[in-house]
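Below, subunit A partners subunit B and then partners subunit C, in two separate complexes.
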Partner chain A sequence: MLKTFLIGIKDLRLAFRDRAALILMLAAPFVLTLGLGLVTGRFSGNNNSGLSDIPVIIVNLDNEQLGNALADVFTSEELADLMEPSASSDPEAARKLIDEDEAAAVVIIPEGFTRSIVPQQGDFNNPDAVTAEPVRIEVYTNPSRPTGAGIVKAVVDEFLSRVNEGSLSGGVSIVQLMLSGRITPDQAEAAGIAMGERLQTGTTDSALAIKINSSTADGEEVDFDILAYLAPGMALMFLMYTVSYGGRSILAEKTQGTLPRLLVSPTSASQILGGKVFGIFLTGAAQMLILIGASSLLFQLKWGDPIGVIVLVFAAVFGATGWGMFITALARTPAQVANVGMSITLIFGIMGGSFISLDQMPPAIQTFSKIAPNSWALDGFTTLGLGGTLADLSSPLVALLSMGTILFLVSVVLFGKKNLVQK
Partner chain B sequence: MKKIFAIAWKDAIVRFASSSELIFFILLPLIFTFLLAGGTPSNDDDNRVRLVVVDQANTVISLNIIAELDRSTAVRPEVLPLDEAESQFDSRRATVVLVIPADLDLQAIQDGTARVDFRQQPNNLNATVAERAVQTALRSVSSAVNAANNAVKTAEENGTFESETDRQAYFEESLKLAQTMQADSPERVTVVEGSTPDRIEYDPRASSSAGQLITWVFIPLFGISGLFAYERQQGTLRRVLTTPTSKATYLLGTISGQVVMALVQMSLLILFGSFVMKLNWGREPLALFVILTAAALAAGAIGTTMGTFIKTEGQASGLSIMMGMVMALMGGCWYPLELFPAVVQNIVKILPTTWAMQGLLDLVIRNGSLIQILPEAGVLLGFAAVFFSIGVMRFRYE
Partner chain C sequence: MTSILEVQNLVKNYGDFQAVKGVSFNIEEGEIFSLLGPNGAGKTTTISMLSTLYTPTSGDAVIGGHSVTKDPMAVRGVIGVVPQDLALYEDLTARENLVFWGQMYNLSGKALHARVDEVLEQIGLTDKAKDRVKTYSGGMKRRVNIGVGLLHKPRLLFMDEPTVGIDPQSRRAILDTVKDLNKQGMTLLYTTHYMEEAEELSNRVGIIDHGELIAIGSQKELTQQVGQSETLILHINENDDPQALIPSFRGITDVLEANVIGTEISIITPSAKDVLASVVSKANERGIKIRSIDIREPNLEAVFLHLTGRALRD
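What follows is the complex of A and B.
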């Protein structure tokens, strides 16, 4: 047992003395997390959606209450991180800016927009007011910025749905009052104008009749640090590099002659192999814990329930170590392990969701991704980041431990066939 | 010239001595291009955000909500049972899930107790769009009930009802009227797409394909640093000293060989993009050649400079991968630059990957011509000139 432990510690020391390995074990995931934090706006205090400061130009030719209310929506506190609005009074100049790719969209609120919705004095007796074409807001979008333009359109739609709701409410109330004889047609205009005034003041704060609970699967409010998804994604990707690096050392020791030397000592093959596996496990766990510690200290990243994090780290490293052993058992030279290991690192990285969300992958790849320990571990870290505890990690833990056990057993059989560590 | 060719040929032999180099040269780039570019919807598909809906109510109201979502330009509802939706959400195969609970009906809206659950993945910007779309749909469906409630309230302000039955009848008449008026309500927004000159439809697959092309070509070109370190470690650089070969000849041979290999690699990826993924890569072949060559020279120059600082082949390999990935990420090769904060968008202009990506997007997305990509090509050649100068000045045989 002591020998196994000592071999493991020796491999841990060797790994952390190898500057070249440290670049990919620690520097790469850290720098990539830093980069992802920058591009998602995490370090500039923006929202967690990954999208921020969408340049939008507001041309308010209406200059009355509804037009002003829509302009105010874009400058509101709620959308402060998401939108970067600027005002213009010239629709043509604003459209030109879109054509030159200077903004995501222009919202043109035409003159008379408010008056086309809110009844004015004399409208009830004016046939032209009743039959007039509705005045439409124009959203002039930039086709090369579809996401930003889509969000601008969604904001306008949401505002108009509130306007329509108010308009409908006023209209129904007046008609019903008249039909029920509570007011006379002569009184309708005054009542309509009063309703209109209420509509104008109510557009910015009308609540939804059907409330939305934004929540996780556990029903808790979403308050998620995007880095709590990105950082484990990168750490897990480069964990695969670490385990293949460890596996490579088994073959390297054979090539360099240190493995036969170990075998002439009173140390059994199983102790050597166990020590090497233990070394890979320790190195992977140390890598993960250093990255977690560093990101907690430097980025104030909250990883969630500490016990859950530690158990998940060990399970993820166990699953990944199984892969490291499996690759080593199949390879013939250290170079093969290095190349295949780096390939698996990147492929598991993309399949596990370190680069793009899994739901954007074809369904077959989504299913296939379950062979990657990254995928299960990232599910677990996401659960913890969203406030889950150890009790919520049963699926990822079972999957990772099963994966590690199966791969380890297969590797032992393959090692036996290759007589890798036989005296 | 013969020496330059001989050095380039020797480097090709060294690089491809192991067949596993083909994994990085072509296999991984193809897998990444397929997964990232192929995984995103093309213009022929419905590219609205997929919204998983669980309808536990199965009432007129819940069906109206789903119908309203289906009319949305932002989301595409897909109705699934709760366990399937939760399974997809937990395994991150669904970005957003809307659960309409069993008690959501007209009475609940009337009482003000109606609620729906909206679950979103933490890292997904589509959730922002989906939540707005859900709000719009819910408001649209509930507005008739709201209007009827308000009508009752207004009526009560103008006189009382004789009985609860009268009050309910008034509500129902108001609701019917509201539904009729809502159906006849005019459209109040027009969407017009910008008319950039010679523009084509935005194609996220072309964007992803360009990004992967740059990522996988920059990494091996940064790996030129590894070639220098390898030869220095092997002592073969010292041997070159004993031959009548100048420093310039050696560097030119090494770098040009790698740049030519990069061009071959890029051509294969472009052929894959054109023929397998049906991307519009071949519209301006000369402009494409210019921007690819400029990008390869810039990356090769950076690799040369790196090679003068790095001591071992292992360090070179790790640094090439790390720098290649970081520059690709920051240069907009993995995620569109428009998603970055404005300050970061400006900062990343110091990276060659940003200019290379911009040039390729000008060609494939904005239908640019040779003239239009010349500024990007010029900046990339500027990078090449600066870093080659540093590399040549610092280069030592030992």
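What follows is the complex of A and C.
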């Protein structure tokens, strides 16, 4: 156990003496965070692109129950800090404002939106009205403001999801009532209208089921800082570099002769491998904690619940270390680990949402992103940044710890098969 | 004397290739034993099996009473290893390297730091102890490489060609260090392909070629195998073909062996001065000019040549 610890400490020391590695481990994520912070206006006091006062234009051409309910969501008290809505009646003019970077997104609620979902008086006698395809809401987004646009889209998606649930369950219920003979076809019209009204009311009442977590458990208001998304995103991306660097050192020790030398000392192979893994973990944790400390001091960034942050850092590093070991177990040379590691760093960085919010990604990529520790960890850091606590991190923690454990076990099997030293 | 190392019919196969073919020998406590052989002879593979890095295909070795196949961890506590290639962390200082490797050999606390100071003194790097190894010259790195092997005061030290690729001054320092260690009571297994090193250092020499131990004994015992023969080395012009002279040299009375080594011709004879005139005459007959002639007393080079028909440098 002591030797495992000593090997880990030695690797930590070596990592922090490698200038090239330090640039990628610490300087690169810091500079990129700074750069993205400048781009998003975080340091200029311009909040237009941050996660507060997101400028959104509502074009409500429906002007009936559901259209009005959606418009009300954006003007609701709960989203008052997050959204800065304005109304327009001209879709083209609104789109032009987006093209001119005047807002993050425009939500166009077309005419007949409510009617396409909630039948009105007389519609039950009109087959066309019942079978018509629902009219689609358009969210026209500003690509230069991906985060704000993503949140607007997420609010609309959540609203539509609730409307769909209500509409579907309402339709099924009416058909069941008719089939069981409890209502006649004439009564079905009245029942449908009543359900539509409840649907509209319910949608308004619970429109903020989409939680931006704008308050803490104590009800205290929390302003989400865009850097609380960008900084962990960058740190997590370069964490993948760090773990692949650590993995590479296992094969590098073989080529530089120190691994055979360790193997002829009174040190077991499991102590050596354990020490190397511990070294990767220590280096990754040190990198994350330094970046968190530096961004807290220099950017006054609030990462959230300190216990949650520390636990999440360790879980994220554990998950990432699993990947570092797995890559190393598959590779034959340090150069292969370096190349694959750099590719994984970028791919997981993109997939994990370090550059673009996952909400902006196609569903398939959103699903695939779950193999990236970045994705889970970033979810966790966003939760903490929005006022969540350790208790809210169960999903990312379980996912990251499971990921690290499975990958570590697979790596041990692979290492055993390929023999680190020719025997 | 008691044997600290007993090697019993050690074999190492890589697929169809047999790198070590049933090697057996003993090393007595307190001696310097050299394994002498050309590159690829099986010296490093043998040391790798003895140091428990490689598992023998068959056979065994007992070091300090422990079997390398059955109790490798106990063997590792008895031996020290100085590998042929540098095995150091270049971004650590010499002291940090020694401290780390000392910890791997179960040293700790004050004893560790005292021993590190001693070793630094021994390898002459006390003043440079706080410099990173990557700033050192090749010779200094070699000295740290040796120092690591000495930290835990092993009873038996394996040194695998420690002077390859270094300047004459550093080589001299390493050979002196080896002799000093032996004087202090350490037993050494030293591999080399330099005949001069084996002759200077060793109490006994094992000559290894193509994975086989073809001769073993003291230098005197080995040279007796070629009798009292002397070796004539003829240096001829690069443009001339030395091979053309070999048949005529072998026809001279009292020439036991005649072989080409690069642009040189090696002739083994009981009396160099008796065949010298005939040799020069045969060369003149062929129109080949001899640039210089060396006469060497019986040595390990001659033994190797006698046993294999090849020079150590081939």
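Definition applied: the second predicted complex is superposed on the first by the 246 of 423 C-alpha atoms of A that agree within 3 Å, B and C clash if a C-alpha of one lies under 4 Å from a C-alpha of the other, contacts with A are read in each partner's own complex, and residues count from 1 in each chain.
Quick note on the criterion: a contact is a pair of C-beta atoms (placed from the backbone, for glycine too) under 8 Å apart; a residue touches a chain by one contact, two chains touch by 3 or more.
Here the structure is a predicted model, which is why all the values come from computation and not from measurement.
Once the two complexes are laid over each other on the shared chain, residue contacts for A:112 go to neither subunit B nor subunit C. In the superposed model, A:151 makes contact with subunit B only, not with subunit C. Between subunit B and subunit C, the partner in contact with more residues of subunit A is B.
In the superposed pair of complexes, A:387 makes contact with neither subunit B nor subunit C.
In the superposition on chain A, A:268 makes contact with subunit C only, not with subunit B. In the superposition on chain A, A:162 makes contact with subunit B only, while subunit C stays out of contact range. Legend: residue contacts after superposition of the two complexes on their common chain; A:17 is shown touching subunit C, with no touch to subunit B. Shared contact residues of subunit A with subunit B and subunit C: 18. The touching residues of subunit C, counted against subunit A in their complex, run 51-55, 73, 76-77, 79, 81, 83, 85-89, 91-92, 96, 100-101, 103-106, 132, 148.
Only residues 3, 6, 10, 13-14, 17-18, 256-258, 260-268, 421-423 of subunit A touch subunit C when the two sit together in their complex. Partner subunit A is touched in their complex by these residues of subunit B: 18, 20-21, 23-24, 27-28, 31-32, 35-36, 38-40, 50, 65, 73-74, 86, 88-95, 104, 109, 112, 114-125, 127-129, 131-136, 138-148, 150-151, 154-155, 158-159, 170, 173-174, 177-178, 181-182, 185-197, 199, 201-202, 312, 314-315, 317-319, 321-322, 325-326, 329-330, 334-336, 338-344, 365-366. Within the complex, the subunit A residues that touch subunit B are 18-21, 23-24, 27-28, 31-32, 35-36, 38-41, 44, 46-53, 55, 82, 84, 95, 98-101, 104, 117, 134-148, 150-151, 153-158, 160-165, 167-169, 171-173, 175-177, 179-180, 182-183, 208-217, 219, 222, 224, 226, 228-230, 335-336, 339-340, 342-343, 346-347, 350-351, 353, 355-363, 365-366, 370, 375, 378-379, 382, 385-386, 395.
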